[in-house]
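Data first, discussion second: the structure below is written as structure tokens.
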Amino acid sequence: MSIAIPSFKVETGTRASSFSALIGAAVLVLAVAVPFLVPRGAVQDLFFILTMLVLAQSWNLLAGYAGLISVGQQVFVGFGAYTMFGAVILFGIDPIVATLIAGLFAALLAVPTALFTFRLYGPYFAIGTWVVAEVVRLLLAQWKALGGGTGTSLPREATRDMAGVGLLRDHFGMKAAEASDALTYWLALVLAAATIGLIYRLLRSKQGLGLAAVRDNEQAARAVGVDARRMKALVYLTTAFLTGLAGALIYVQKARISPDAAFSVTDWTAYVIFIVVIGGIGTIEGPIVGVILFFLLQNLLSDYGSWYLLMLGLVGILIMLFAPRGLWGAFSDRTGIQLFPVRRMLVGDPLAHTPKGGPHG
Amino acid sequence: MSLLQLECVSKRFGALTVADEISFSVGEGEALGIIGPNGAGKSTLFNLITGNIAADTGTIRFGGADLTRVPPMARCLSGMGRTFQIPQPFEKLTVFENVLVAGSFGAQRSESGAYVRCAGILADTGLLDKANVPAGGLTLLQRKRLELARALATEPRLLLLDEIAGGLTEAECHALVATIRAIHAKGVAVIWIEHVLHALTSIVERLLVLNFGRVIGMGAPADIMASRAVREIYLGIEV
Amino acid sequence: MTALLETRGLKAFYGDFQALFGVDISVAEGETIAIIGANGAGKTTLMRAISGVLASDPDAILCRGEPIGALAAPDVLASGIAMVPEGRRLFPSLTVEENLLIGAYSRKVGPTWTLESVYELFPVLRERRSNPATALSGGQQQMVAIGRALLSNPDLLLCDEISLGLAPVVVRDIYAAFPRIRASGASIVIVEQDIGQALKVASRVYCMMEGRITLCGRSSELNRDQIHAAYFGAERHGLH
Amino acid sequence: MGFIDTIVQGVLLGGLYALFAAGLSLVFGIMRLVNLAHGDLIVLAAFLLLVLVTGLGVHPFLAAVVAAPLMFGAGWSLQYVLLNRTLGKDVLPPLLVTFGLSIVIQNSLLEGFSADSRRISAGVLETASIGFGPVTVGFMPLMGFLSAVAVIVGLNLLIYRSAIGRAFRATSDDTVTAGLMGIRPQRIFAMATGIAMVVVTIAALYLGTRANFDPTAGPARLIYAFEAVIIGGLGSLWGTLAGGVILGVAQSLGAAVNPEWQILAGHLAFLAVLLIKPRGLFPRAVD
Amino acid sequence: QDAPVKLGYVSPQTGPLAAFGEADKFVIEGFLATAKARGANYEVIVKDSQSNPNRAAEVAKELIVDDEVNLVLVASTPETTNPVATTCEGEGMPCISTVAPWQPWFIGQQGNAADPASWKPFDYAYHFFWGLEDVIAVFTNMWSQVETNRKVGGLFPNDGDGNAWGDETVGFPPVLEKMGYALSDPGRYQNMTDDFSAQINAFKSGQCEIITGVVIPPDFTTFWNQAKQQGFVPKVASIGKALLFPQAVEALGKAGHNLSSEVWWSPSHPFTSSLTGETSAQVAEAFTKATGRPWTQPIGFAHALFELAVDALSRAEDPADGDAVAQAIAATRLDTLVGPIAWDGKNLPPFAAKNVAKTPLVGGQWRLKEDGGYDLVITDNKTAPNIPVAGKMEAIA
């Protein structure tokens, strides 16, 4: 009965993707040079974009690929940031090293929270994660050494003497504040690039395939031997780590922390969800598009105070109603273009035609 | 020794008993057919065997081990492959990827190590020309074939098929029977729920009849089909 | 005379998938017809299209000559067409009586059918009136589903596979209620897998295959071979 | 005595939380809609009351009577025009749209009323109290609790004893079949949100007279409301009242130990309930 | 014409602390008019902290990075002053700050507040106001005028002020204990809380006849109403922050009578402006005339901020050089509307000597007027005898 198996191979790249790899490399090179080219305000803006992008990619990995809709990601931002502050203020550790420690601590925190929240489903999970974040916030608000409810600031020396700042000051004649902006910006750039790289690699691996299966249909995934629980836990820990790193980095740059700000559900989860969903959930491109739109809106409208947020809310509602798969989703559906293809294409002799494919997920 | 053995397995949904002290066994390489009216509990029985539904009472043994409390994933890895009556494709993945998930996770291979087998299975199940199409775009018939392809890709010792022949043309049905016969011939045990009786009886050695969650008959197909109960309850033919 | 219900070249789609390819049927006032066909032939789809659950062309469905194809389900009900859906679809969080009363939610004037008369038709339901609907046996649930549809006082009752999964004796009970329903003035369309049963209650039969009508005729004039051919395609084997 | 007083004050506070939560519970129970703007809608209603009280010079209770139909209309239209379009299998669209709505409401209020904190003056009732043996109970908190019970009883009567309530439950079970029965799900949903907004108005009355509110006070209320709903089990109204009371008592017990523990204790009670019963105290059979 | 000298100004103009920012517009308009009359070219960029410390830090950064101001002025509560001062310090931007007791300002900005050995002075941030030692003295002086059981209930929130006022070493507890008062302090609560039952309960069972604390204005209304509801009425209530403003007291209806508060500026303060030469009474009158509202305490301090800014910038070698401006500030010797100001370390511990300058403090009580309005009557001046008293302390009925 067996039909002779045709000669074939499996491909994941597309022409657009090799093109985008080139563009990506160029953008990266340009991005590295940014602190020398633009004023400080712009560097800070770009820093903001990059860190939001990391948060958005992480949440997207969690919700878009593992189906875990968390509204409590601020817990990792806040915990990471507080870990960093604690390490710097109480132990005199360099902020950059402290940021790495913060990532690890955030991942550690994810273990007990996962034990609890993974018992919950759907809306229970979402609210459960939020409450966990509130609990951690309230506990940290009791930590008087770090300013309790009011919060505290990073000692001036900490950011001023941060590894590398002196170097920049001496070689490029930057002021200390300028140098630390440039430094945090580069770190954010590395983190964003690494996050996208890591997620892209994960998605192209066997684990990524399993993850996509779990998201599409958990029951069927289990039935074909995918360990859905382990898969989700892996993703949850990874996002906690990335989110914690980003959180710590954000607060190295802000240099001031308070529980309300560090655990803000609006800033670190709601806006992030907004970015992901507007850009297109379940794609790597989506959060990138989303964060750029978010930033543009912010810059266009930031002089209008609350009008800006009002517009943001309206744009979110409109996009959800008229392009429920997000801007990138709508674009990709129409053109078939994907910059980060993860689809395994079976190509070979009997399969001369390449069907048009939507984005992965 | 029997490959799969159920002892007094029961399951209730509230007041509804969907499996009522079911006991039977399937030997290594055997083929068993299951028939019964709609809602008799056939699909539920599959879900009990594969662990998608936990049994209230009774034990389920597979390959000598007690799997009653083991999750579906582990049952798959120990050699059970199943299809869902209502197909459950991974809609956003392509057909090839759907099979690849089963072929790499279920069969415990590396991803690239599963490519050849998975492509072969697509060819066998007539899905090769749809390999790169997202599974969400398949028709019902194609979805059912994909169910079969995915189950096969896990390299099962026991294949559980839930109504895969409905709606096929004569020629398609023949091809399907040939495929299943070939799998069976390789020593894979098969349990097949099917309303298309001529297809079913051309393969299975025994038939089990379910009604209201209870086993009301078990034996050679010819005997079962001739029995009064089956003619009355199932075939709706006046006797 | 215009038919009570008529479909003309009715097509139906699930997304890109076409399930009906130009179906023409008609039901006269007071008539009972049956629709038979294999699994997946499109019977349920036809019922869903008529009752307004699936969208179709405005002019593809006519009720007393009026186009109703574009109407939503509640408006179709308002024009006198009620459905007993496949699989009963009772409301699990409502009791038996509440399920019945839901049928009267937007009833037409002139209550031919009341809670009382439904209980008379299916006395067993009166005893179980305050049970959750899902606690009933399949046959009893089917009675609730029929009673629920009747309480809207329909001119046309669509019954999709009402004997599905029921023991023969229960099926007999349910079909025994048909003369009473007809006597109330309603026309009936039944979708039935059991050909014997279908031929017994209906005056005319349509047979469907793969989204098309393949056979149509008076029950008394059709023979088994014709039906088998229409059912499975000419080259197929029948069941025995 | 201190202990009894603590419990009594906690129960009364719980009544307020139950009021916050009742509308959310209703909306979730009927259409599985997780409304992230619920807290902001309460605050919006409080501002509406404030405007009526200061503009017309009427008593807050009277203002609530005027505001309730306005809020009903707002809720009805909101659901009919906007939220109905987001309902479906996917949980994200309603989540995102209601979040967007929350931002829109908050910032419109900021534009209109600035970030200042406000309060609705209930005149002498504000400080009026009633003595029950050793405990003295404020009139307004007591009214708040009684209103919560009345709202829950009323909603239960509506849902379990009326034709529209049957339609609510039927639609909630199965919209397609409900449509076959002549029910228009879109309107039923709009009606449900309208009713929820009436409850929101009552909640706003007690929120605004008890303490201060400002345009950004919504999310903090939202989390209590969610907790109350989830402790009770999604869709169970009595459960929601129980959830509110558990939350209120936990908070006041926590505060009695140390005010730092007030809010934390409520959250911990919530987590403890979910740890033991992941689907709340009175879950319903099908979700 | 030269480019204008740019002053950044941050204060809470909206939010729960909005009352503090109420006079800003009046003061700034007055300042710009005066400056213009004198031929000086000043631009004031005003930012609203919305009573939110994080927003305060953000707007400070905007002032420095985007607006490139020459000097940052900041006022009202540690929630506003601290983030702004810290940001300026980090950016090397001179900053003058006020309307926050100096302990929460200075200690609150230290990385590790618990470890005095680690505290460091600032290079760019300068503050003028009174300290906890002053308010404690004022409050206890007022209490000693009334017959009480010396049992005190404390309301200290978990914020910059609350943590400092309630602190076991620098705050109220040690001093009150030494003076023979029994303090019942249930613990730090969150601002904007809905429920004060626990505190009321604790005060009842502690039989407190005196209430003190540092409460944001909206919270005190909630507390006081709930206290009434639950039948708790102390003889004295001396509350920081919340009772500075007539609106807050009026919001309590008749229940505001005889509540007491610290007074850091009033029309009867015997000082004059170095900018305009007006007396305190004249400034207060001008405010009421311009806005139709009663005078409030922040008017004087907001005004003094601009006096100091002009003084320092005119003495600085180069107003665009942060270090030069900071140096000029440090060297200030100026008689302002709120009293003489010099960063000379007088009456201060050594660690705060460089960055803090103190102003005088007295105590007052709100008295219900015939027309339903309230007057703030100075009832104790032991701490600053040059400021006249206008009445004696009375117990709350």
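So that you can tell them apart, the chains are marked A, B, C, D and E in the order they are listed, and the count of residues begins at 1 in each.
Just so it is clear, a residue touches a chain if its C-beta (ideal position, glycine included) is under 8 Å from a C-beta of that chain, and two chains touch if they have at least 3 such contacts.
Treat the numbers as computed from the prediction; the structure is a model and nothing was measured.
Peer 1: Could you tell me which chains make contact with chain B and chain C both?
Peer 2: Neighbours common to chain B and chain C are absent.
Peer 1: Farthest chain from chain B, comparing Cα centres?
Peer 2: E
Peer 1: Rounded to the nearest whole Å, what is the centre-to-centre distance of chain A and chain B, using the mean of the C-alpha atoms as each centre?
Peer 2: One centre to the other, that is 42 Å.
Peer 1: Per the centroid of Cα atoms for each chain, what is the distance between chain A and chain C, given in Å?
Peer 2: The mean C-alpha positions of chain A and chain C differ by 53 Å.
Peer 1: Counting in whole Å, what is the centre-to-centre distance of chain B and chain E, each centre being its mean C-alpha position?
Peer 2: 77
Peer 1: Just curious, how far off is chain E from chain C if you go by their C-alpha centres, in Å?
Peer 2: Chain centroid spacing, chain C to chain E, equals 79 Å.
Peer 1: Where in chain E do residues touch two or more other chains at once?
Peer 2: Correct list: 158, 188, 190.
Peer 1: For chain A, what residues touch not just one other chain but two or more?
Peer 2: Residues 141-142.
Peer 1: Which chain pairs here would you call touching?
Peer 2: A-B, A-D, A-E, B-C, C-D, D-E
Peer 1: Okay, in this complex, where on chain B does chain A touch?
Peer 2: Residue list for chain B touching chain A: 50, 52, 71-73, 76-77, 81-82, 84, 88-94, 96-98, 100-102, 104-108, 110-112, 115-116, 119-120, 122-124, 128-129, 131-134, 150-151, 153-154, 178-179, 182.
Peer 1: How about chain D: which of its residues touch chain C in the complex?
Peer 2: Where chain D meets chain C, its residues are 163, 166-167, 169-170, 172-174, 176-184, 284-286.
Peer 1: Help me check something: in the complex, which residues belonging to chain C touch chain D?
Peer 2: 51-53, 72-74, 77-78, 82-83, 85, 89, 91-94, 98-99, 101-103, 105-107, 148, 152
Peer 1: In the complex formed with chain D, which residues of chain E make contact?
Peer 2: Checking each residue of chain E against chain D gives 14-16, 18, 50-51, 158, 186-190, 192-195, 197-199, 201-202, 204-205, 218-219, 221-222, 225-226, 228-231, 251, 255.
Peer 1: For chain D, which residues are in contact with chain E within the complex?
Peer 2: My answer: residues 2, 5-6, 9-10, 13, 16, 110, 114-117, 119, 121, 126-129, 131, 136-141, 210-212, 214, 217, 220, 251-252, 255-256, 258-263.
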